[in-house]
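Next come two complexes, and both contain subunit A; in the first it sits with subunit B, in the second with subunit C.
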Partner chain A sequence: MFGQGLIKGLQITWGRLLDKKHTVKYPYEKIEMFPRFHGRFELDVEKCIACGLCANACPNKVIEMEKEKVDKKQFLTKYVMRIEYCLFCGLCVESCNKDALKFTNVLDMNQYRRSWVRLSLVDRPAPEAAEEAPKEETPAKTVKVEAAAGQAPVKEG
Partner chain B sequence: MENIFIGIASSLRGFFSGLGVPDLYNDIIMLVVKLVSILVFILVNALWLVYMERRVCAFMQSRLGPIHVGPKGLLQSFADIGKLLGKEIILPKGIDLVVFLLMPVLIFVPPLLIYAVIPFGKDMVAVDMNIGVFYLLAVASLSTILFWAAGWSSNNKYSLIGGMRSVAQMVSYELPLILALLGVIMLTGTLNINQIVNAQNGIWFILTQPIAFLIYFIAGVAETNRTPFCLVEGESEIIAGPYTEYSGMGFAMFFLAEYANVMIISAMCTVMFLGGWLAPFGLDFIPSWLWFFLKMYVMIFIFMWVRWTYPRIRVDQLMGFGWKVLVPLSLANIFVTGVGMYIYRAIGW
Partner chain C sequence: MKTQTYSLNLGPQHPSTHGVFRIILELDGETVVKATPVPGYLHRGIEKLAEARTYTQVIPYTDRMDYLAGMLMNWGYVQAVEKLMGIEVPERAEYIRVIVGELSRIASHMIATGAYGGDIGALTAFTYTFRDREYCIDLLEMVSGSRMTFSYFRVGGVADDLPGEFYPAARKFLADLPGMCDEYDGLITGNEIFQARTKHVGVITPEMGINYSLSGPTLRGSGVNYDLRKVRPYSVYDRLNFEVPLGKNGDCFDRFRIRIEEMRQCGKIIQQALDQIPEGSIQAKVPKVIKPPVGDAYAEVESSKGVYGCYLVSDGSPKPYRVHFRRPSFINLGYLAKLCEGWKIADVIAILGSIDIVLGEVDC
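Moving on, here comes the complex of A and B:
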């Protein structure tokens, strides 16, 4: 019959009108990312032994790290990722022996300034060459691991 | 509820005559009040329709549409207008300055003139004219020349093509539009819109004139330059047609005028085929102006539904469809209507 296609088209759009919507109110709601999503980096400072394999694995030389020797052990004092050059290949995460460096599913890393994009995961002074056990009261726990993206508050733009 | 607007009008008239205003001036004041309220009605509805269009479009595409500004994004079109008001009006080189600046203003004149004769409810018509339909069709085709002038004065090839297309399309589809209405006019024997509405007391003309309704609807879509007949502003071909060079409020005026035209076509559909302000099935506890409004919005929704379903057709298809299908069909409809009326009269029904 002539005009069948026209009616079918109208039926389809009517169905869509009443259907469930496939988008969410983005800034207020977010869809769940997949578990292996390459998002913002997270460094577990407790596990990190400052071996530097991640910095070596990086093809873009994104990772800048500084370490000091405290009581025969390497102590990580600074760990900055220049995210503006990062291609999220995941080689650093793969190369980590201690599973200290991980991906999270946070995807909004945009900032107002280019300099704010830089992700500072660890920035702490080395403890005064502790007498015997630096483990007990290392300041490592309180280090701003999460909320230290550059100087900027982590807010989507 | 039924007489709320009429009551307001008569109390206003009483107030002015109580102040000692002579009758002639009183009439003039009332006319101005009516026209201003119509203008406000058009603008508020146009703003709402911009939002509604975006929401309906989004829902049909499984999206949510505007949600940020105001509750459920209701203030989105106010934000849009605010943005457009703040924009610079760009005057390109080599334009016809007077015409270029005049067209966005004049584009609102035909809709305003047309609304003067449309009955919004029982006894709710600004000017009750005995040649209402004729006047309406005559004024409605004026907007063609405004689009054309806007396109030509812009000194831009896309604008010019858009303007020319607008003339071709509107002139071609004006014909089936008028011929389709002729069937209704033959049945009622009057050009007065109020009498046409009253003639539909027993049965709506959509049932006695279904072909005419269909032709009128299709031609109406073409008249308002909406998809699938949106060749005038076909974005992928000629940017925005006649509006290409307009910025800021100039563009917004064209944009709002489009919705005003959609409202007119829907209102005409309602009046001519859907019984106007008459309540169906004796449901007259709902006031007549609300019925008119509801029917008009159903028609507007169907316009939007069609727009977001079909793709744009080609120019040759447009012309072929208009002249080879719609015009003969509407002529045949007139013929059948005439024959039917003759037969009914012969058997004395």
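Moving on, here comes the complex of A and C:
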């Protein structure tokens, strides 16, 4: 009989009328992302040895870093990600031997201005020569680093 | 009465062209006299970009061709590199590739099905397939961390093992899949209006399909039994039991219908792969810097749109000398101009949708 298919279709849609909702009211409600989610990057400055492997692994030259030699050791002074060019492929995270660079599951990185998109993970001066820079100064530097990391206008999306 | 033909631009900004695709239609009233497809609006020069990147760094770019089935795009490329270097991929990695590849195919076919419903005017179908696709993509996100551009394959294996939570979630999805397909069949395939719009429209004869090098559901809709997974099994497809759905008439309806059938078969394949998957390594031993020997290689996989191939030329350096992708959507489009002749404007939309193109892949 002509029209049977139409009736069947209507049955399906009516059957779904009182179904549970499949959507959430973003941004008021958020879904928990999976642990492997490729969200905003996070850099553990303590672990990073400024080897540059991550920057080399990147297909799009997203990672810009500057370092200075302090005490025969490389000291990371700047670590900026040009997120607008990032493919979120994860090759950088994969290449880091020290487990310093990681993805978080923060997903909203949208900004009102293009220049704000850039993600500055480290921006700090190198300490003076070792004799003048006592050990206690290191924690203070770390605090400063955290402040720099939060430079993005919307800190937690 | 003397009448004149006129030309009409369809696209590039038109939702029915599935992206930035343009067809110049020469019309006599509503009837198409001549159709001239104009691709190229999304050209990014991926093949050229690849020449300036290392072999691993090319992988994220392949995702961006058929972004609806990114896993399958990764697959064809890494297979070519592996062939060039003679790398043996561990069995577990092959099974994981099959699982994520078929999930990607399901996700892609869901879009094809829903979007085609939308093209014909059954927009409800679109919401149904997109609802289910989210669950499919959830699985892929669990595995790879991304929802569309996965970059999950690596030369010699895959980036990461399947997480523990994947297995129950995948089994649940597979259990729901036949019900989802029934729903699409009930909503769209059985709909008389839909059938009237698509049956006997845009018929591709098997000979023409073969002559124009069509592949994938577009070719199989005409009843030509050509699926790479069967005729030249790669990976572990020879150990998996599945059928290749075929059409009879080669019309829009058949091309549409077999995609839903294929989803059911994909479910079967994943089920078997999950049952058979062995323990072991997920990554073959490959050198840190991938430097294939001088030479060339060509590898193909059956993507959701058809036969996707990758041709690689190496000059012995860490970067490919030349990469070429055989993109099924692009080649399937080759027949579009002929196919549209003599049909009405509305049928052009039905025909174009039934070929299921994705512009990222057409323009590359």
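Operating definition for what follows: the second predicted complex is superposed on the first by the 118 of 157 C-alpha atoms of A that agree within 3 Å, B and C clash if a C-alpha of one lies under 4 Å from a C-alpha of the other, contacts with A are read in each partner's own complex, and residues count from 1 in each chain.
Keep this in mind: contacts are C-beta pairs under 8 Å (C-beta built on N, C-alpha and C of every residue); 3 or more make two chains touch, one makes a residue touch a chain.
Since the structure is predicted, the reported quantities are computational estimates derived from the model, not experimental observations.
One of subunit B and subunit C touches more residues of subunit A, and that partner is C. In the overlay built on the shared chain, the residue A:E128 is in contact with neither subunit B nor subunit C.
Using the contact criterion defined above for the overlaid structures, shared-chain residue A:G3 touches subunit C, although it does not reach subunit B. When the two complexes are overlaid on their common chain A, residue A:T13 makes contact with subunit B and with subunit C alike.
Legend: residue contacts after superposition of the two complexes on their common chain; A:E29 is shown touching neither subunit B nor subunit C.
When the two structures are aligned on the shared chain, A:L87 is found in touch with subunit C, with no touch to subunit B. Once the two complexes are laid over each other on the shared chain, residue contacts for A:F103 go to subunit C alone; subunit B is not touched. Legend: residue contacts after superposition of the two complexes on their common chain; A:K21 is shown touching subunit B, with no touch to subunit C.
Taken together, the two complexes place residues 6, 9, 12-13, 22 of subunit A in contact with subunit B and also with subunit C. Chain contact summary for the complex, subunit A toward subunit B: residues 6, 9-10, 12-14, 16-17, 19-25.
Remark: subunit A residues 2-6, 8-9, 11-13, 22, 33-38, 57-59, 87-91, 94, 103 touch subunit C in the complex. Interface of subunit C with subunit A (complex): residues 53-54, 56-61, 63, 124, 131, 134, 138, 141-146, 149, 151, 159-160, 163, 165, 183, 186-188, 190-195. Interface residues of subunit B facing subunit A in the complex, by the touch rule stated above, are 56, 59-64, 67, 305-306, 308-310.
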